[in-house]
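Note that chain A is present in both complexes that follow, paired respectively with chain B and with chain C.
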Partner chain A sequence: MIRNKSMRRASLVSAIVATGAMVLSTLPAQAATPGVTATEIKLGISSPLTGSAGLSYGKVPGAMKAYFNYINANGGVYGRKITLISRDDKYLPTAAATQTTNLILKDNVFALVGALGTATHSKAYKAAALAKNNVPDLFINTGFSGFTDQTKYPTTFMVLPTYAMEAKVIAKAIKDNFAGQASFLIAQDDEFGTDGVAGFKTAGHTFTLAPILYPQGSMTSARAEAALTGLSAVPGKPVVVLFGTTDVTATILKAAEKLALTTKFTWYAGSVGADANTLLALGVKPTTVNGVISASFMPDAKDLTDPYVKQFADINTKYNKGITFDNYVLAAMNSAMLTVQALRAAGKDLTRAGIMSAIEAKGSTFASAGLVPLGYSATSRIGYNGYWVSQLNEKGEGKPYGGKLVIYTTDSGAGAVEVSTFVRPTMPKNGIPTNS
Partner chain B sequence: MKNLKLKKGLTALITAALVATFTAVIPSTANAADSCSNTGFIDGAKYVAFQKCTGTDDNGSKYEIRMPAKFNGMLYLYSHGIRNQVLLPLIPVVNPTGTYSKPRSEPEVAPGRTTADQELIAETLLKQGYAVAGAGVQVNGWSVPEAIEANMLLVVKAKDMFPKINKVVSWGDSLGGHISQSLSEQYGIIDAAANLHLAGSAANQYSYANDVLWMYKTLFDPTIKGNGYTQPVSATDTRGYMELIGDIGKLLTVLNALGTAIKTNPTAPVWPETATNVPDALKAIPVRSAILLIGLLAGMPTQSTTYDASSGPAGPLETTFGAAISPALAILENTSTALALGVIGNYDAEMRCGGSIFDNTATDYSARLGDNGTIFAAGLSGKTSTAGMLLFLNRLNPAAPRVAASAAAVACINNQAAYTGKITVPTITVSQTADQITPAGYVQKLKNQYEAAISNGDAKPGLLLNIWNKPPDSYTEFAATGAAVTPTEPTTGTSHYMYTNDQILVIAKLLASAGKSGKLPSVATAKSALKNDSSMFIDPLFTPELMPQDK
Partner chain C sequence: MLKGTQSKKRLVLFIAFGWALLILSNQVGDLKLYQGSFVATYALAITSIILLTGYSGQLSLGHSALMAVGAYAGALSIFNAGLNPIVSLIIAVLAAGTFGLILGVIAARLSGPYLAGTTLALAVSLPTLANQFSILGAEEGIVFDVGPAPARFGEDFSQYKWFFWISSLAALIMVWFIANLLSSRYGRTFKALRDNSIAAELSGINVGRVKVMAFALSSGVAGLSGALLVMLISGVSPSAFPLSLSFALLTGAVVTGLYNLKGVILGGLVLVAIPEIADSLVSRIGGSEGFTTTLPGFLVSALLILAVVFTPNGPGHLIKRKHHKQKVL
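Now for the complex of A and B:
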């Protein structure tokens, strides 16, 4: 009897243990994944909402949220709603480090998306120990080629092409279209500019004079006027490449207006510094904007014949009320759509390692508004790997230079700049990805 | 030398048979003049009685023990921070009230910002039934060996006088944290330790200070001596001392000139007139960039009590100020406090070790900049300016002569007792993330040492808990004029400032728990204890940058 009781107890204990094991084994694996519950995925973004950079980039988190809300209204990702927590870093490295750390420690986000800036994110990545914490660092908005180093930034995925790539494409455009003209470079004197300088060098392009380099935040009207006055002594119609932010492009173009030098030069503004809406908002005359050449990997936000642009513009109207749809909103929604596809590709049992593997394996096939291919693979964390050359008109619309869209692809190293036959994937129905 | 020999002897004895053997070998400690008195204090409606015992050990270190009438068996052993060995005349900023003009040798029994705070902490522990004790080490300056010995003698004395002591927990701040850590690792007499803004090794702390000093000399005033002060040949030989006093004056002049230049024109402040070595081309760079570069190369935090390296005055300069000016001003503010300690401490170390302890003949300052060249590109006035300044600091530049150390002096400073990370008892560290005197990198080094010790089988895991004190997300306040307002009390998480009484008492509680159980409180428990304090955090994965001198 005693023995039987003992056996019964043993059986009962075994049964409880077994049931417990079964319950445990059926619990979703993501139970222990930070920022993920059965009903929610928490994402975080540190970017400038205020300060001088907030003027241009302040729309990014709101646009991403708008797209996520649209997805949430349509069932979320495998039943989970996406919450995007946005923190303002004012485009300042120390603030970015603080806010990114807050996103990880206080907000307990699953992943970061769309972090912005080279100096800011360099500091934030280390301060918040993103590598140690294995935090996915998705679709960062900087083209600094240093972020392609998977040893140093093992969880980072870029979305922009590198500045070196852009410089190589610009060099080809100058060679193809402005051979024989003098050319000059005015660039920010940090990784942004020096990455560009390196790209021009790799492409074999030699500027007529040594590049004019300026520290970030130091380009004043007087400095711009002095630089342009000096360059204007060169005969012909030189090409001036502006490799800086849009506010600096505006300062230089306004200096050219003051000196009546707008038609003296062919203006070539890098993609970071050529947002037409911002140029016009900062007081650059439409006639000056007209003709500025740039490079882009996205369609123009004013081109509502583009199905991606149209879809995102519609989402913006409904979910981001009162915000003008422009290139920043377009890029932000595009990154949000890439994020949703990455979450889907990672599967229902969402983990940090899983989403990074999914992007490596499938990211190059994600649907995206970009007109150039995505380059994700096990060995590459670069997003877009090319550009098309555009020219702004008085309305600030970017049209293919020469009237025909030509896609160029290249790498950050010594690879050639090649014309691509890339055809982007079709926009998912209603802008809602269904990939797996 | 005598101290080192004695220390080795003590170690062997204590590990063999601890108190009995020790007291038998050094009976004189029991014979030293001890004085005990019964006293107490009122706590609400209660009178808390305790016995206060003071005396001096054989080496001349004073001690104090306070034993409550209702004792629970645990003694808190406190080690105070560094005290100046070198006595100074009244000097504005550095020694305005004469604090550093007289020898200080009184024991302290608890940490605190002020004497009143220290009393409050001591009384709080006493009424909870804990005993408190501390030594006033007979030698000041970097006197780690002497302090360890004084603490050991004190523990022996306390146990001899109060046999009910069955647990001893050690705590200390700054150099006292270093002493506490070293003591807890090596001698088997401590049950748990809590070390507040722990100092690094002597060699690295002095290298840190000397890096700053050398760059100030090289860039701002080549007449600063900085190193190799004349060693006295007699008790009345004051040549080296006068060289030190001269250097302090020159540094104050430089700091004043830098502050004035930035106040006059924060965007493009001019270099001091004393920067006679620097070519005009370099002086075209705003001097704030040179200040920032010095701090980054030395490993100094870019946040200070006034400047958060983020905020700017409302208006067109807001972002530029946060990106390019605020970090430099933070470094300048941090330097002004760190440099005084550095130059005086360095002089003291040279006197202690008989020659220059600093050697930067092989230091590659350019390589030290690393990612900070990217992160602070705006503050450094761009890559080109940075390259120019680094070129000037290059060891091949005859205008920037390097300092060669005395091999004997280096050996001497390296032989100062130091912790090794072979942690054997529950250990808690608490540090500011932006401490300019004992930067957070020193705790990271301890963490690395501990991890290595675990890997090598020299330590068991789970014995180190790191608590961090951080600044608010943004905190610089600006007056209507646009000038930053220095707070009346250092901003939490910045500077080398003692924690609040509430924070200290939480640490004390965690320490007691560790001492009693032999185990660290869990991270969850520790977080819970700190949950009402948003300036404190615990994250095992938080990894401050190692100091460049430690890489």
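Now for the complex of A and C:
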């Protein structure tokens, strides 16, 4: 009896101890989700605020903060306010590595959002041990197809389509609209340009001459003039595809102005290098900008008839005072809206693994300003998977080429470029997502 | 006899310092270890500038390019040849040293602003050249992965502690070697060249040869720091070595004091700590994003002016002078 009693006591004690241990072992795990408290979710972004890249991309963190402040003012995400900690990486790999590490180890953020640049982010990803720590790396601003490799970047979700996709869409547009004309490619000689070159090759497009490749930062006026002089000897009205950043597009277009060659060519600027506001600000004449063809996956920031654009422009006016609303601000606020939906889809018990699973499961249905579909799934970390072809006018507005909006979707590999009937989801009321 | 004692003292000092760092590495968190790795790396780069500019009197504005040579050589030997990381660091030293030797021969006839201009041009052009060769991985660059720490250190041994150990050990060994070299006949030869090259030549010193030697040695040290730097960011690419890095290192060398190695850690600390100080200042007193981003530059400029005004030969020299005064009294 005594023996039974003592055994029972021992069983009871061990049961209590085991239950206690289980509770204790689960409690710290929940409480220990970095960057998440009952009232706050801390996110981080490492991007250029200073230096030449900071001139254009420096607006990104501010625009994201503005949208998050708008959400915070309207109740936050399940009652939690979003705090975005921004660190300046000057578009330098060393700074990106240290700043991203600071965000993880010092600022203790829950996730990263909107990191920018391939050379910078590929270093930062490894240096900050994002994969090892399972840190969600959300909606990065680079189209380098290498980031789709889930073995190397298991926590990364892209938002931009890949450069290879863009090249394939441009190749189709040239084939459909400028067959018979010579075509040339002037591209940045790095992963950006080479990804594009690979895309043209996959699409079966052959340029009349070998692509003119230049290292980043090396395209001077003299070099641009020499290149254009050489190409101008070709008869007809050749298509010149510019696959570089907007400042280089401006250098080349101004060289064409100087040589009186603006009407000699049909200009086709890639999405990265066709920000009309920047082109005009850098001194390209409105008459030159008029007619430049480009590819985009977002609506034009000047199109205030678009409900998403109008909503984001209103938020910008109220929460991002003094900042001009342009394509960079629009894209940044759109990424912020995707982030809020991802946080909501992950549920009230927010975990790092949970938010990544939520994007995989529901990300393709998130509301966004993008005019092309989102491609998130268990096997794909690519965001937008297509483009529409636009043409700039003198005011710098991007209008559908040929007067009709045609959406093309494709992949980064050998898949065909197809016309899509995609209709984007309706904007959440007042731009505040309520998904779950 | 005296020289032997000094050398032994230095060895004991470096070993003691190494032990202190080893103990320290078990007491601090990952962030401090990561920052400490950068301090060691920058201290090494500053050592190479002090060796070249402070001791042999040759002004280089392009040390980032020499670091890039070492970084690419080290990365290629790991990434392409699959060599051991330790071997890759040695290759980084040799490759940058050889490059410096060739550059030194070419630039031996240059001095002052002409040499500064040549090295400046090198800093601008050399990293972008990497874009021309596919083997160097273009703008994305190539991976520099030293791998995880040996399993015998345990599962809790973090990547950052491993970085700290490697960079601290490499820096200690190299600075010890350079300190010994500078206190030898070669150091005196370098100083003679710096103070008066004609007098040095009249004393029988082969000025050209000594200049080239200083350049090669300095490049080798810079190459090692370049390889360590890209180890810390896990890969090498042209944009990892901007011109601004050369200027930052030169600033660190001036704050340290160009004529002795005693304050190199201080130089490294300054380069790593300034952004942190700026951050904490801004978080305490508040301020716009523009203020945050411009404050580090302002602090560095202020520190540079203060260093030039109050300790033109560096804090190490100041301590030495005080010590000397106390002895006299």
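The criterion applied here is as follows: the second predicted complex is superposed on the first by the 406 of 436 C-alpha atoms of A that agree within 3 Å, B and C clash if a C-alpha of one lies under 4 Å from a C-alpha of the other, contacts with A are read in each partner's own complex, and residues count from 1 in each chain.
Everything that follows uses one rule, which is that a residue touches a chain if its C-beta (ideal position, glycine included) is under 8 Å from a C-beta of that chain, and two chains touch if they have at least 3 such contacts.
All of these numbers come straight from a predicted model, not from anything done at the bench.
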Partners on chain A (chain B, chain C) - clash or fit: clash
Partner chain(s) touched by A:62 [first = chain B, second = chain C, both, neither]: second
Partner chain(s) touched by A:218 [first = chain B, second = chain C, both, neither]: both
First, second, both or neither for A:105, with chain B first and chain C second: both
Contacts of A:133 with chain B and chain C, given as first, second, both or neither: first
Partner chain(s) touched by A:366 [first = chain B, second = chain C, both, neither]: neither
First, second, both or neither for A:49, with chain B first and chain C second: second
Partner chain in contact with A:91 - chain B first, chain C second, else both or neither: both
First (chain B), second (chain C), both or neither touched by A:70: neither
On chain A, positions contacted by chain B and by chain C: 91-94, 98, 102, 105, 118-119, 122-123, 126, 129, 132, 144, 146, 188-191, 194, 215-218
Contact set on chain C toward chain A in their complex: 29-31, 34, 38, 128, 131-132, 138-141, 143, 145, 159, 229, 232-235, 237-240, 242, 245, 289, 292-294
Footprint of chain C on chain A - complex, ascending: 49-50, 61-62, 86, 88, 91-94, 96-98, 101-102, 105-106, 118-120, 122-124, 126-127, 129, 132, 144, 146, 188-192, 194, 215-218
Residue ranges of chain A touching chain B (in the complex, touch as defined): 51-53, 90-95, 98-99, 102, 105, 118-119, 122-123, 126, 129, 132-133, 144, 146, 188-191, 193-194, 213-218
Residues of chain B that touch chain A when the two form their complex: 302-303, 308-310, 312, 318-320, 322-324, 327, 371, 374-378, 380-385, 473-474, 537, 539, 541-543, 545
